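Shared between the two complexes below is subunit A, which pairs with subunit B and subunit C, respectively.
Up next, the complex of A and B:
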C-alpha cells in the first residue's frame, strides 16, 4: 500500500508537469499545424526568469511566477510575429516553421547559457514541508505542483469550452477556412494560442526546475516527453493530451520503481510504438472523414 | 432601381497564377434570389470564395452597397455582412450542433442577440433543435446541410451565399432544403445561390446567370432559360 501511494504521488506530479508542458504544444499544433521546437527553450526560460525574479529582484515567488509566465507569453507572441507569420505566406509552412523554431530554441538556449552560466542552479520557488499518507511522506511541493496544474488545466478547458475566444480557437483547429467564413480572424487566434502556449511552458519550467534544478538544457527532456504525449494522444488533441500525460507520468513512476530508472524511458518509447501500431493517429486522434 | 447589394465588375481571380475567373460582371439586387448555374469546375465556387476573400482578386472590383470589399480579409468581409454557406458544409466536426450554430454568430453584432437568432433557426429547422447536443461529425448528410445553413443564418442580416445546397443529397432531402431557401426568399432575404442543377431553381430565381469557363455566357430569368433548350443541353447536359 505504501509503495502504491508513493508511485501514485510521484506519478501524478510527473503527469501534471507533462500535462502543463504538453497542452501548449498541442494547442499550437492543433490550430496552426506547427510543431514548436522552441517549446523546451521557452520552458527553461520560464524557470530562469522566475529564479531571476526571486533571487535578483527580490520579488514575491507568486509574482515571479506570474512575471515569468507573462514574459514567456511575449516570447510566444514574438515567435508568431517573427517566424510563423512570415512563413505562413509561403509554401511548406510545416517544415519551414519546424526548422525555424529549432533555430529560435537554440538561440534562446545559448542566451541563457551566457546569462546564467552552465552550472545547475536550484529553483528558489519551493514549498517546504510534507504531509504523511500511511507511512509515506509526500512533499508539499508535489501537491503544490499538482494544484497549479489542476487550476491551469481547468482554466484552459473553461476558456476553450465556454468563451467566444475559445470556441474560435477550437473552430480554427477543426477547419481553418470555415472559421474564416464565420468571421474569425485566424491570425489573432494563432497569436493568442502561441502566447498561451508560452505562458504554460513557463509555468511548467518553473515546476520542473523546482523538483530538479535549473540548467540551460533542462527543457530538452520535458519537451521530448511532451512530444511523446502529443503523439500518443493524437496530435492537436488537447484533452487527450492531458489524460495521456497523467497516464504516462504514472507509468513512468511505476516503471522507475519496479524496473529501475534506466528502464523508464525505454518503456515509454516501447509503449508509444505499440500505441502507434495499434492506432496510428493516436489514442484520441480523429481521422478526418470527409462526407459530401 | 435601388442600389444593388453586391456589384462585381470585370473580376479576375484564381489560384497560384492559374486564372479561373476572367472578366466576370454580376449584380445582386436586394431581396432577390440570384442564381449562378453552370458545369462543374468552371469557377462557380471560386467566385463565391473571391467574394468572401478566401481567393485573391487579381483584377476588377467587388462592391458591397457601393463600398469596395475586394482586398479585405475574410473576417472583415464577414463583419460587413457577407455570409457564405460553403460547399460540403465545412462544419466543425468535433463540436456539437449548438456550438456550430454559435460559431455562426461569431460576428460582433450577431453575437449580441445570438439567443433570439437561435430560436429563429430552431423554428425554421426544427431538426436541429432535436440534435443540438449531438456532435456535428455524426449527423446524416441532410442534417449536416441543415446545420450548415442554420450556421449561416446565425450570422444575421446581410447577403447570404449558398454554394450548391443540394450537393450529394437524396431528392426528398433536397426538396426540404429548397423549401427552407424559398421561405427565406419570401421573407425578403438577399440570396446568391450557386447550383449545378438548373431545373430546381428556374421557376423561383429572380435572375439566372450561366457561368462557363470563367465568365458569364448567358443571363436572364428562368422562363427564358427554359425556352432555350440548346443552352441547357450544351452547358448542363440535361
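Up next, the complex of A and C:
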C-alpha cells in the first residue's frame, strides 16, 4: 500500500509537470502545424531566469516565476516574428519551421551554457516540509507542483472554452482558412499561442528544476517526453495531452519502481510505439480525412 | 546534355580532383580531415534521400550510423570477425534495424515520425550510457555495448600494418570510394524510378496513388536502401578511429549534419555534398572560436532556412524554381 501511495504521489507530480510542458507544444502544433523543437530550450531558460531573479536580483519567488514566464513569452513571440512568420509565406512550412526551431533551440541552449556555465545549480524556488500519508512522506514541493499545474490547466481550459480569444484559437486549429474567412486574425492567434506556450514552458522548467537541478541541457529530456505525450494523445489535442501526460507520469513512476530508472524511458517508448501502430493518429486524435 | 550525363560529368571531375588531393597536400592533417569529410558526406547524401527525396522527417540517421559502427565493433571484439567482412555485415544489420524503425514509424504522418525517430535514438543512447553491468572482464570490466567509454580493440582494415607511414592515404581512398558509391546511388535514386515515384506522389498524390504507387512501400524502400550505406559509413568510422563511443549519438553532431543538408540544398543531388564541404571548411576556419561553434551552427541553420531555403546549389541552378520544387514538405 505504501509503495502504491509512493508511486501515485511521484507519478502524479511527473504527470503534472509533463502536462504543463505538453499543453504549450500541443497548442502550437494544433494551430500552426508547427513542431517547436526549441521548446526544451525555452523550458530551461525559464528555470534559469527564475533562478537569476531570486538569486541575483533578490526578487520574491512568486515574482521571479512570473517574470520568467513573461520573458519566455517574449521569446515565444520572437520565435514567431523571427522564424515562423517569414516561413509561413513560403512552401514546405512544416519541414522548414521544424529545422529552424532545431537551430533556435541550439542557439538558446549554448547561450545559456555561456551565461550560466555547464554545472548543475539547485533551483532556489523550493517549498520545504512534507505531509505524511500512511507511512509515506510526500514533500510539499510535489503538492505545490500539482497545485500550480491544476491552476494553470484550469486557466488554459477557461481561456480556450470561455473567451473570444480561446474561440479564435480553437477555430484556427480546426480550419485555418475558414477561421480567416470568418474574420479571425490568424496571425494574431499564432502570436498569442506561441507566447502562451513560451510562458507555460517557463513554468514547467521552474517546476522540473525545483525537484531536479538546473543545467543547460535539462530541457531535452522533458521536451522529448512532452513530445511523446503529444504523440500518444494525438498532436494538437490539448485535453487529450493532459490526460496522456498524467497517465504516462504514473506509468513512468511505476516502471521506475519495478524495472529501475534505466528502463523507464525505453518502456515508455515501447508503449508509445505499440499505441501508434494500433492508432496512428494517437489515442484521442481524430482520423483526419485527407483530401487529395 | 541530359541531367544524368551532366551528373556523371560533375562526378568524374570531382573524383579526379579528390584523387589529386593527397599528392598536393601530403600532410596527415589535411588527409585525415578530408577522410572525415567523406564519411559525413556519405551520411548526409543518404540522409538527404530520406529527408529531401522521400519526404520522411527522420532523425534516426545517426542512430543508424551508430548501429553500423557498433555492429562492426562488436563483431570484431566478441567474435574476432575480420573487418573486411564485418563492415558489410554491419551494413546488413543496419538495413534490418532501419526496416524495423521504418515499419514502426512510416505509417505515421510527418511530425510523428520526427518525434519517434528522435526518441528512439535517445533511448538507445540512454541505454548504452547507463549500462554499467560487466558483460566481459577480459581486459577490465566492459558492459555489452561498452558503456560510456565505448568499444575499442576490434581490429582494423590492415593498412596500418601494411604501410605504417601512409595508411591514412589508404583510408582516404577507401572513404572516397564509399562516397562515390553513395553519390552514384543518390543519382540513380533521384533520377530513376524511385525518384519518379516520389515526384509523382508530391505533384499529384491522388493520381499517383490511384496508379498503384504506395507511399508507404516506397518510403520503406528508400529508408532501407539509405540505411545500408549509412551503416557501412558507420563501420568505416569505427575502423578509422579504432573506437566507437556513445558520442556518435550527440545532438551537436546531428545538428552539424542537418546543417550540411540545409546549407547545401535539401532534396538535390549535389547540395548535401556542397553543404558538407562548406561546413567542414567553415568549421576548420572557426576552430579558435569553438565555444561559439554551436551558436553559429544554429544561426546558419535558421538563416538559410528563412533566407535561402533552396540551399547553396540553388545559386548555381539555371532553373531556380526546380530546386525549390525538389524539396517535399
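Here, the second predicted complex is superposed on the first by the 288 of 292 C-alpha atoms of A that agree within 3 Å, B and C clash if a C-alpha of one lies under 4 Å from a C-alpha of the other, contacts with A are read in each partner's own complex, and residues count from 1 in each chain.
Assume a contact is a pair of C-beta atoms (placed from the backbone, for glycine too) under 8 Å apart; a residue touches a chain by one contact, two chains touch by 3 or more.
Remember, predicted model here, so these are calculated numbers, not experimental data.
**Student:** In the superposed model on subunit A, is it clash or fit for subunit B and subunit C?
**Tutor:** fit
**Student:** For A:182, decide between first (touching subunit B), second (touching subunit C), both and neither.
**Tutor:** first
**Student:** Look at A:62 in the shared chain and tell me whether it touches subunit B only, subunit C only, both, or neither; answer first, second, both or neither.
**Tutor:** In the superposition, A:62 touches no partner, neither subunit B nor subunit C.
**Student:** How wide is the angle at the Cα centre of subunit A, looking out to the Cα centres of subunit B and subunit C, in steps of 10 degrees?
**Tutor:** 90
**Student:** For A:132, decide between first (touching subunit B), second (touching subunit C), both and neither.
**Tutor:** After superposing on A, A:132 lies clear of both subunit B and subunit C.
**Student:** Applying the touch criterion given at the start, work out whether A:92 contacts subunit B, subunit C, both or neither, answering first, second, both or neither.
**Tutor:** Only subunit C is touched by A:92; subunit B is not.
**Student:** Counting only touches as set out at the top, which of subunit B and subunit C does A:171 meet: first, second, both, neither?
**Tutor:** The answer is first: A:171 touches subunit B but not subunit C.
**Student:** So in the superposed three-chain picture, is A:1 touching just subunit B, just subunit C, both, or none of them (first/second/both/neither)?
**Tutor:** Neither partner.
**Student:** Based on the superposed arrangement, let me know which partner A:280 touches: subunit B (first), subunit C (second), both, or neither?
**Tutor:** A:280 sits against subunit C, while subunit B stays out of touch.
**Student:** When both complexes are superposed, which of subunit B and subunit C contacts more residues belonging to subunit A?
**Tutor:** When the residues of subunit A touched by each partner are counted, C comes out ahead.
**Student:** After the superposition, pull out the minimum Cα separation from subunit B to subunit C in whole angstrom, please.
**Tutor:** Result, nearest C-alpha distance in the overlay: 12 Å.
**Student:** For subunit A, which residues belong to both interfaces, subunit B and subunit C?
**Tutor:** 292
**Student:** Help me check something: in the complex, which residues belonging to subunit C touch subunit A?
**Tutor:** Touch list, subunit C to subunit A: 57, 104, 107-112, 114-116, 118-120, 122-123, 126-127, 130-131, 205-206, 209, 251-252, 255, 258-259, 262, 266, 291-292, 294-295, 297-302, 305-306, 309, 324, 327-329.
**Student:** Applying the document's contact rule, which stretches of subunit B touch subunit A when the two form their complex?
**Tutor:** Going through subunit B, the ones touching subunit A are 52-54, 73-75, 78-79, 83-84, 86, 88, 90-95, 99, 102-104, 106-107, 111, 137, 141, 144, 151, 155, 167-168.
**Student:** Using the touch definition from the top, list the residues of subunit A that touch subunit B in their complex.
**Tutor:** Touching subunit B from subunit A are residues 164, 167-168, 170-171, 174-175, 177-186, 286, 288-292.
**Student:** Considering the complex alone, what residue numbers of subunit A touch subunit C?
**Tutor:** 29, 35, 82-83, 86-87, 90-96, 98-100, 102-107, 109-111, 114, 220, 224, 227-228, 230-231, 235, 261-262, 265-266, 269, 272-273, 276-277, 280-281, 292
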